[in-house]
Structure formats: C-alpha cells, structure tokens
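In the two complexes that follow, chain A is the common piece, with chain B as its partner first and chain C second.
For the complex of A and B:
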C-alpha cells in the first residue's frame, strides 16, 4: 500500500530529488523525492528498509547513485561549505575515547573554522546545553552510554546549525536524560531548525514529533503528519472510542450516519466507531452530539498513533 | 506562528569552507603524542646523532685534514656527509613514524571519526593534509630540523665558502630531500593506516615494509645487485643522491630510486583516495 505524500513542507530547507542508491546489485533506496522544512521530522523504517542509507544521503555522508540532495538549492557533497549549516549526530557510540569531552568538542568546533575564543565559548555553551559541564574534563573513554550520546549531541549543535541530523539520539539514555533530550529536540524544531531524527523505536519518535517520513523496501511510503497519513489510509477505517454516560443511545445515533462504517460497545463500556473519513467525522461529530444532546466525556482515536500507522503501512 | 513560517534566523550561506581545517586536525594530532614522556625521550635520543655529528663538524673544522685521515668518510662535512647523517636517522624514522602515524587514520576508522570529520566543512583532501602534517612534523623533527641546526652550528664555527654552503646550499638541499621523502613516507604510512583498524597491525605492517624489505633486499642483492630496488628505506636514501650529489649508495641509479619514491607516494595517494570515505558501506 502506498500513501502519496500528504504535505510538502512550505519552506523546504532540505530537498532530495529522485535520489537512489545502490550497492552492487542491491538497491538500498529507490527514487525518493522529499522536501523537509523547519521542525522535527522522524525518519522511520524497518531494519534494511533503506532508512540509514537515506539518512546518510540526506546528511551528505553518502553520495546518491542517482538524483540530488539539496540544501536551499545547493548540492551538499559538491559544496562542503554547506556543512557549516549542518549538525550530524551519529548513531555509533564509538568516539575519540582518548580525549576529554571538552577537547573533543573543541576539536569538532574548531573544524567549523572558528577562532580560539569562539571555539571555547561555543564548546562551553554546547556542554551546558546537554548538561555535561561537570564531566567535561573527563576522558570520553570513561563516559557512560548516555553521556556519550550527550557529547555527540553537543558536537552536532555547538555551531548552531540550521539542519540537524540525529541518528538514534536516545540510545542508552536514562529516563531523565531522555526527557531532557526530547525537550531539546522539540525546542530545536520550535526554533525553526530542520531536525531529522532517525529511529526504529516508534514511541521515541512520537515523543518528539508528529511529522514523519516512512521508508519501506527502499521506497518512500509516506510523508507528512501522522494523523493526515492515517486519514489517507482508506482501506483501514479509523477507530474512535467515545466515553459516554449513555453509550447505547450514542451508539444507535452514530450507527445510522454515512461517515460511520460500524459501531460497537467495547468491554470498557466505550462506544467504538469506525470511520473511513476521520477528518470529516471529527468535523461533523460536535453537531451530531449537540443536536441529540448526547453526553460525551472523552474522545480518543485508537489507531492514529505512529505504531498503528506504521503497522498499517508496512504490515508490521 | 507555525514553525514553518519562522524560518531560521542564522541562515546565510557563505559557501566558504572552514579556514584551514587541516590545521585543526594537524594541531590535535601533533599535540597528542607529545603528552607521552616515552615519545619525548625518543625524540631526545633521536637528536644524539646530531650531537655526534656536531662534534665531528667542530673537530673537522678545527683539525682539517687530520680529522679526515682519522675518521674517513664519517668526517665528510659536505652535502654528502649530511645524507650520511640522514641515513643514521633511519631507525628513528622507522620507530617514531610507527608510533605517531600508525593510528592516525585506523583509529578514526575504528572510532567512526571519519563521519564526524567529513560532516564538517572540509573535504577528504583537508583531512589527509591534516593527518599528513602530523607525520611530516615528526619526520622533520628527526631529520630536517637536526640538519638545519647542524648547518647553523657549522656556519657559526666556520667561515668562507664552507660557511656559505652551510648557510644556504645544504639547508635547501635537505629541505627538498626531506619534503620529497617525507611526502613519500607520509602517504605510504597513511595508506597503511587507512587499510587497517587495529593500530598495532598497521605498525607491524610499517615495520615489515621498512625493516623487512631492508633485510630482504640485502639478501636478494647477493644474487642480483639490482634487487636492492626492493629495499624500501634504501630507495628513499639512495634518492638523496639526486639532491645532495655523490656516488650512489647501491646499484640502483639515484634517479630510478627517486622514481620509486614517487611511485610509492602515488600508490599511497591512490589507496587513500579509495579508503577515505565518510561512512563505510558493506554491501
């Protein structure tokens, strides 16, 4: 099942135009076109779907076999100066273990071309940003997995990039650090940066964004807001649960509507309605309830979450 | 305001690369080994032959022909004598470069440093230049710098034509020779480092190439003197005749040795071109 991209980012910062990548006879990514604007976007896919290859092409680490990756119209690999505007946080935990966190960060910032004072100031700011100031002068070799994750984040953000690529950013983090990093990622998106997060842990992505790019078997399967994508999956009705003090009256009222495919009352006493057009359903629902004075305490969509969308699309 | 309407306040693509990014890499690479006392001790020991050579220079200037009668070619204070001195430095070049150069790229490959470096405004050329500068620095530290120091010393203790030779000719000859051979050694060592991920194995390959071919060529040359061409460090030294003048050090013409050095450098550059990538993809 393919879902056409539902939205195109209005001010695309990062654009992939018909990119493909093959390794020998294996096609990892096949003819993907997408445009990403400011905000956080989750890049999703099963293992082997081509997610990592697409991520690395977008971040300029792999040159596409065909097609182009453009940042504001400039070709990334051809113009390495563009990397000034890109922050990249790799998945791998292996870092320069023989350096202290501060030395590592200063080296990474210096490579951006800043002079000594600026290097020190930016490194300090980045350390504070990820709450790693206290451990800055310890060798990275002695860092925990979560601290490594943070120092990787710090090096990706120290030069204040417009586009940030985060590969599995919450790997190995404790719950507190996880919350801090999720908040940081959301803030980056709110500031208007284009943040691309790659992860195979769906709840992780869902805590950061509702905007996703889904790749399956090397092809771009869906792009846009989770709810909009869910709504575009016509062969799977959206399931809406309504909690009411008068479930039977509510169920019979909904049963006769054109937008409702089926209604039942579940074991919790909730009215569970199935609709093929969730957006229209939600638009009409308040009118129906008011017209018949139907009491409703809570409305919940049971399958417009990322896991459900992902399962529907890739058959997981 | 929706986020997509905010844009990003910092965007202003200058199109410029980072300023001399290779220097940031080189600086870190040079500073790191200097933290080791053992390496500092080795560097100090590597200057002992220079002190000996300085003594020879001094006594030769003082004693003239008598010194030559006693010491023979060891007391040669002309350009060829400095090439002999550079030959003495060969073991230090072997050990020092094995220590500082073996891990330069292999460690980055093992620690995924290439993706971190190459996701910044620098290209593969900047990266190799930075790493190469580290090797060149330590190579010069035990070859060119002592020669220059000796030349300065020689200039101060002598006068006339010899003094002028010490001040101008020999330093320039040494510079040209060390640049060519240093580039050759650097590219070969970096190529070896880019092939492996374990620093210890890279060091072992380097020692085998350097000392192994030296021994092997000496045995092989018993059958045919031309097989001396297999001697890796020997060819680098023999190429010095092109710069310093004098009789060839082996049966191989110095110009051919120079070509061998250039071929090694090109081979190293080719390997580096193929091996240095931001990410390694296993198809």
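For the complex of A and C:
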C-alpha cells in the first residue's frame, strides 16, 4: 500500500537525490530521495536496514554508487569546503586519547580555519556547552564513556555548524547527561539548524524530535512527523482512549461518526475509539463533545508513539 | 506498506542562526594546503611517537649500534677499518633492512591505521583538502621514521668514535654524512611507498613485507636493468658513488658486475631523481586513493 506524502520539508538544506549504495551484489540503500530542512530529524531503521549507510552518505563519509547527496546544491564529497557548515559526531569511540579535551577541541576548531584567539574562545564555549569545563585539561584517555561522548559533541558544535550529524549521540551517557544532551539537540533544532540524529533506540529519538525518516530494507519507508505518518497508515486505525464519567453515552455518540471505525469500552472503563484519520478525528472531536455536552476528562492516543509507528511500518 | 518520500521544495532558504553563517553556493574553499598539512603533521607526529611500536622499532634500530659495539670490543687490532664498517653498516644493515622496517612500521599506518581506528573522521569532516590530510600524515610518519634512523646513526657514530677519535678523518666524516643523507632519503621514499600501500589495501602488511623483503631483495640483485626497478638499487647506487673509495664488499661486487656485464650504473643524479619521482608518484597515488576512500568507522 502506498500512502501519500506526509510533509514537505520547508527548506531543503540537505538533499539526497535517488541515492543508492551497493557493496558487491548487496544493495544497502536503494533509490532514496530525501530532503531535510531546519529542525531535528531522526533517522531510524532496524539493524541492516541501510540506516548507517544512508547516514554516512548524507554526511559525506561514503560516496553513493548512484545518485547524489547535495548541501545547498553542492556535493559534500567533492566540495570539502562545505564541511565548514557541517558538524559530525561519530558513533565510533575512537578519539585522540593522548590529547586533553581542550587541546583536542582547539585542534578541531583550528582545522575549521579559525585563528588563535577565536580558536581558544570557541573551544571554551564548546566545553561549557557540554559541561566539560572542569575536565578540559585532563587527557581524553582518562575520560569516562559519557565524557568522551560529550567531547565528540563539543567538536561537532564548536564551529556553529548549520548542519549537524549525530550518530548515536546518547551512547554511554548517564541520565543527567542524557537530559542535557537531549535539551541541547532540541535547542539546535529550534535555532534553525538541520540536525540529523541516527539512533536505534526509539524512545531516545522520540525525546528529541517528532520528525523522522524511516528506512527499511534499503528503501525509504516514511518521512515526516510521527503523528502524520501514523495517520497515513490507513490499514492500522489509530486507537484513542477517552476517559469520561459517561462512557456509554460517549461510546454511543462516537459509534455513529464516519471518522470512527469502531468503539469499545476497555477494562478501565475508558472509551476506546479506532479511527483511520486521527488528524481529522482530533479536529472534529471538540465539536462533537460540545454539541452533545459529553464530559471527557482525558484523551490519550495509544499508538501514535514512535514505537507503534515503527512496528506498524516494519511489520513488528 | 510504504509511506512515500515527499518531494521537497527547493530553494534558498533562511538557514540556522549559527555564527559560521549559512551555506552559500561556491564561496566555501577548503583551508590552505600548507597550513592545514602543518597542523595535521604536528598533531600526527605527537600521536605517532606515542604508539607502542616506537619502542619495538626503536630497539630494532639499536642493531647497528650493537654491531658497532662489537666492532669496538673485538677488533682491537684494527683489522676492519672504520670506513669499511661504516660502508657495510650503511649498505647492508641500514639500506637493506633497517630503513625498510622503520618505514614499513610508520608508513603503512600513516593513513590506514587512522582510517581503521576511526580517528581519520575528525580530519575528514573538516574543510580540508584530502591532499592536506595525506601530506600531514605522511610528513609526520616520515619525520618519526627519519628521527629513529637518525638516532640510530648518531648512536652508531658515537659508539665508533668516542674515545677513538683517531678514526675521525675527513674521508670518514664525508662518508658518514653522505651515508646518513642517503639513508634518510631512503626512509622518506620508502615511507611514501608504504603510506600509499596502507591507504590502498585493507590488510597491507603481507604485501608490504613481500615488497620490502621479496621484490626489493630479489629484484635489487637481479642482473641487467631489472634491478633499476627497485628502490634499493638506487639507494645503493647513491651510496656506492659516494663511497667508491672504501673498498667495501658491495662496492667490489658492483665493480665486478660492471666489468663482467658491461653495465654502466646510472649516475648519482639519475638515481636521486628516480627516487624522487617514486616518492612523488607514491604521494600522488596515495592522495588519489584517499580522495576515493570511504570511511566506515
């Protein structure tokens, strides 16, 4: 079943045009077209789905076998000067362990083309951004996994890039650090940067963004807002639970609506409605409730979270 | 089920608020080659001297020093003149073995190891010409290899001369300096070759060993002009031309071959240029390979 496009990226900063990548006879990514604008986008996929290959093509680490990846119309692999606008936080734990955090950042900023005073200032700001100021003069080799993750984030952000690639950014972080980094990623998106986050942990992505790109078996399966994607999955009606003091009257009212496929009352006394068009359902619902003076205390969508969308799309 | 990808609107759109500025078409040039290569070389040198292998290779580089110590201890009657010892150390020990070993140890890893470990990604995602990355790493590897060789040469010289200052004649010094230059030149050329091999192959060790101790040994001693296709031949040629009066064994064999086969060895300038060309071609090849390299870590 094909579902109509969900959203159109408002401003395509990063585009992949019909990109494919094969290794020998194995097709890792097959004919993907993608446009990403400002904001945070989660890149999702099962292991072996082609997510990592697509991520590496988008970030200029590998070349597509076919098609092009363009940043504002330019090929990153060829026009390497464009890396001034790109920040990349790799998944790999490899770092220059013999350097201190500050030395490492200063090298990274210097290689972005800044001069001495700017190098020091930007390195300092980046250290503060990830709360590593106290450990700045310790050797990276002595850092914990979470601190290593933070210094990788810092080098990706020290030059204020417009496009940020984050590969499994929360790996090895404690809960407090996770919260800090999630807030940082959200802020980057709010500032209008194009942030691409790759992760196999769905709740992790969901804390950062509602906008996803889902790749499955090398093909781009879905792109856009989770709710809109969920709404476009017509063969799996959205399940909405409504808590009311008059559940029978509410159920009876909903049962007669065109947008409602089925209604039942669950073991908690909630009215559970199934709809094929959640967006329209939510738009119409207040009117229905007001017209019949139906009391509703709480409304909850049971399956428009990322896990549900992911499971529906990849057949989980 | 498929949710098809949307076709995004193209256009010039306001970008992020980053201070680095928005991505503009065409006005983003990579950093200058020399400056970026310098910084990469500076930090790569610091990295390479911290590798554990520097200890094992450093110990191996003591071999000529041990030979010099043995000479001092055993040859009290002066049976082996110092010039002959120096010529044999240079020709047989350094050029045939030590230079290849030290260059292999640091040349192969210059790019390949960094790519395998994943640290190359931090250079890769900067606005740097791939040539600058390659040049910086190569120069660092050549500097480390050169320093190890130089240290070994200095140590050998000290062992031979300290308390034995009578051997320091003009001819000895001339021979020593020219041997040092040829050996260091050899380290630079070999490191350039091994760096290209390390960039090209995922598992370069065996092919590199076969090249260094297979082809170079067999080809370097092959008759007629086949030997001119080896690095070791040209290094030996540079060395023999500078050490013509020492009467060492390789030189005698060379003279014999000239007489028997009517081979006229190439001039010093010719060998120098051939080796330079080899290093330049290896560098160009390495850069080309790096530009096409795919980073999977």
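Simple rule for what comes next: the second predicted complex is superposed on the first by the 311 of 316 C-alpha atoms of A that agree within 3 Å, B and C clash if a C-alpha of one lies under 4 Å from a C-alpha of the other, contacts with A are read in each partner's own complex, and residues count from 1 in each chain.
Here, contacts are C-beta pairs under 8 Å (C-beta built on N, C-alpha and C of every residue); 3 or more make two chains touch, one makes a residue touch a chain.
Quick caveat: nothing in here was measured; it's all calculated off a predicted structure.
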Superposed partners chain B and chain C on chain A - clash or fit: clash
Is A:303 contacted by the first partner chain B, the second partner chain C, both or neither? neither
Who does A:24 touch here: chain B (first), chain C (second), both, or neither? first
Would you check which partner chain A:35 touches, where first means chain B only, second means chain C only, and both and neither mean what they say? second
Now for A:168: first (chain B), second (chain C), both, or neither, which partner does it touch? neither
Check the residue A:220 against both partner chains and state whether it touches chain B (first), chain C (second), both, or neither. second
Between chain B and chain C, point out the one touching more chain A residues. C
Using the superposition described at the top, list the residues of chain A that contact chain B and also contact chain C. 9-11, 13, 37-38, 56, 59-62, 71-72, 74, 79-86, 88, 90, 92, 94-96, 98, 107-108, 110-113, 155, 160, 162, 191-194
Show me the residue ranges of chain A that touch chain B in the complex, using the header's touch definition. 9-11, 13, 23-24, 26, 37-39, 53, 56, 59-62, 71-72, 74, 79-86, 88, 90, 92, 94-98, 103, 107-108, 110-113, 155, 160, 162, 189-194
Chain C-facing residues of chain A, complex: 1-13, 15, 32-35, 37-38, 56, 59-63, 71-74, 79-88, 90, 92-96, 98-99, 107-108, 110-113, 155, 159-163, 191-194, 214, 219-224, 229, 232-233, 235, 312-313
Which of the residues in chain B come into contact with chain A in the complex? 3-11, 13-19, 21, 24-25, 28, 32, 110-113, 115-123, 278-279, 281, 283
List of chain C residues in touch with chain A within their complex: 1-26, 28-31, 36, 39-40, 43, 46-47, 50, 117-119, 121-130, 292, 294-297
